[in-house]
Amino acid sequence: MNEDDFDTPARAAPSTLVLQLGSWEGPLDLLLTLARAQKVDLAEISILALVDQYLAFIRDAKALSLELAADYLVMAAWLAYLKSALLLPADPEAEPDPADMALRLQFQLQRLDAMREAGAALLARPQIGWDVFPRAAPEGLVFETRPIYDTSLYDLLASYGAIKARSAVGVHVVRRRPVMALDEAIERLEALLGRAIDWTELARFLPGDLADESYARSVLASTFVAALELTRLGKASLSQGAPFAPILVKARP
Amino acid sequence: MSDLEALRAIEAVVFAAEAPLSLADIARHVGERGDLPLLLRDLAQSYAPRGINLVERGGRWQFQTAPDLAHHLRPLREAVKKLSRAAVETLAVIAYHEPVTRPEIEEIRGVAVSGGTLDVLMAAGWVRPAGRRETPGRPLQYATTPGFLAHFNLVSRRDLPGLADLKAAGLLDREPPREMPLPLGDGGE
Amino acid sequence: MSDLEALRAIEAVVFAAEAPLSLADIARHVGERGDLPLLLRDLAQSYAPRGINLVERGGRWQFQTAPDLAHHLRPLREAVKKLSRAAVETLAVIAYHEPVTRPEIEEIRGVAVSGGTLDVLMAAGWVRPAGRRETPGRPLQYATTPGFLAHFNLVSRRDLPGLADLKAAGLLDREPPREMPLPLGDGGE
């Protein structure tokens, strides 16, 4: 089966059968050509006559020692079986029913024939590039998009601030920060705890005057770590009822 | 905008477009007009006797030259490649049976579909994969495109030559109709 | 062939051609007609009121869309976009320092300014070239436009807050703001 996609010459159905296996597009194509030679109206073809013609064709091909493709032989075997089934007295038990098989074959031939004619009818229609022509070089349609920028005055000022801040002379001076060292915090907490027998909020042990924010942070951190350290040393107990609840502390006797 | 202005805008937009335009495409460019389909039909009618026609193909509108003037135009443009018989037949099977799977195409044609045939039809923009059939193996289905309708000057698939007759004869069904006469003929006696 | 047939052939040939056609080209495709220039002028006249016009340019004929319909072919859509950080910064520098040259903008920002950034600002209608500075190399200066003032609701550039104002508003701070209050609890008082 040769299936070039372009420029395969269309062949005319021969009135007398010429043995040219290469030009058939498979057994169904061959059968259709045989049927077409038999009758113009495929609805009235004789399946038995068609089977005989096909089998004769295959026999001749063998006599000429032509290489037959397997599918041609399979079709020949099937048609021989179909013929014998059709000629035997009707057996109601036969499965599949040979009459159905014959019908099906006829249907396939008619359908293939219809599709060939439909293809020819399509090609006969006016075609773009052969019968009708669109514009060769249309201008094209485009949507131009104009951007609308939603930059705000704040964006503008903030970015100017950022530039100015970036370009400001960057001399870094390490400030001496007021801190409470850990040692100092431990000493202080231990002294205060000595007087507390009951659970007391840790915050109560912070110095009262914490106006300086960074010093306050340092005191808080150091006092907390001091409480942990005293607990580790067995000098204090810690308790907290719930996450983020006040931390309670008392001296351990 | 008056109807005349609308007609002018529609014709300019369809004329300048690089591909056939759907109603929605046209509406996007010319704005909402009273009755766009009616205006398009009017415009098509006014072009019908001319050398340029306005046509609808698969729901898309385009200008093209009148078919009877082809002999003036063929020397202007590159000739199209001729399709092989296998490709034409496969195209017909797809167009008349769509959506159709490759095994179905092979059953109808009685031969295996060579890979190149479907490729050629898809490359031409006439055939597209059309989803999978929900049966065992989920085979891919094929169908035709709006480009196929445009190329063969079909308004819609209903315009396929002989479609109604083939349907009435049951030749587009998967199974032979039951009431067909037994085709035994007289050759066997 | 009648005049009508000649007109149809001419319009189809001019329509389908890949480039504008000279009288000789047209004559070659449609054959010799009585008075080709007269036919072309008639055809051009019949198209004049339509959305498609037949026009002659430098002795060659072509169809084109009517000039007044250009807005249908290229409709403008507006899309909200954000300016890049580089563009906002460049705009800020121009607004505070105008008229300012590109090297100056780069010096103030501390990074190179790409041409694209200035293009975007000019396309947005906020920045304009403002003459050349009379210094060696005569560099181009940039300034803001009335559109810039309008967009940012400024009566004049003097409305832009000064450095002191920016500092007071926290816009010149290098240190990150402290958002978390100290969790001193209520026992600290």
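A, B and C are the chain letters, set down in written order, and residue numbers restart from 1 in every chain.
Definition applied: a residue touches a chain if its C-beta (ideal position, glycine included) is under 8 Å from a C-beta of that chain, and two chains touch if they have at least 3 such contacts.
Nothing here was measured: the structure is a model prediction, and the numbers come from that model.
Undergrad: On a CA-centroid basis, which chain has its centre farthest from chain B's?
TA: Farthest from chain B by mean C-alpha position: C.
Undergrad: For which chain is the distance between its Cα centroid and the global protein Cα centroid smallest?
TA: A
Undergrad: Can you work out the whole-Å distance between the CA centroids of chain B and chain C?
TA: 41
Undergrad: How many angstrom lie between the CA centroids of chain A and chain B, rounded to a whole number?
TA: Whole-Å distance between the two chain centres: 29.
Undergrad: What are the residues of chain A that contact at least two other chains?
TA: Counting only residues that touch two or more other chains, chain A contributes 133-136, 139, 141.
Undergrad: Among the residues of chain B, pick out those that touch two or more other chains and give their numbers.
TA: Only 13, 15-16, 29, 63, 65-66, 73, 76-77 qualify.
Undergrad: Help me check something: in the complex, which residues belonging to chain A touch chain C?
TA: It is residues 133-137, 139, 141-153, 155-168, 201-204, 206, 208, 210, 213, 216-217, 220, 246 of chain A that touch chain C.
Undergrad: Which residues of chain A touch chain B once you look at their complex with the stated criterion?
TA: 1, 3-8, 10, 25-29, 43-50, 52, 83, 86-87, 99, 102-108, 110-112, 114-136, 138-141
Undergrad: Note which residues of chain B are touching chain C in the complex, please.
TA: Its residues touching chain C are 7-13, 15-16, 28-30, 49-52, 63, 65-66, 69, 72-73, 75-77.
Undergrad: Would you pull the chain B residues touching chain A in the complex into a rising list?
TA: 13, 15-18, 25, 29, 53, 62-67, 70, 73-74, 76-89, 91-93, 95-96, 107-112, 114, 116-117, 120, 150-154, 160-162, 166, 169, 171, 175-177, 180-188
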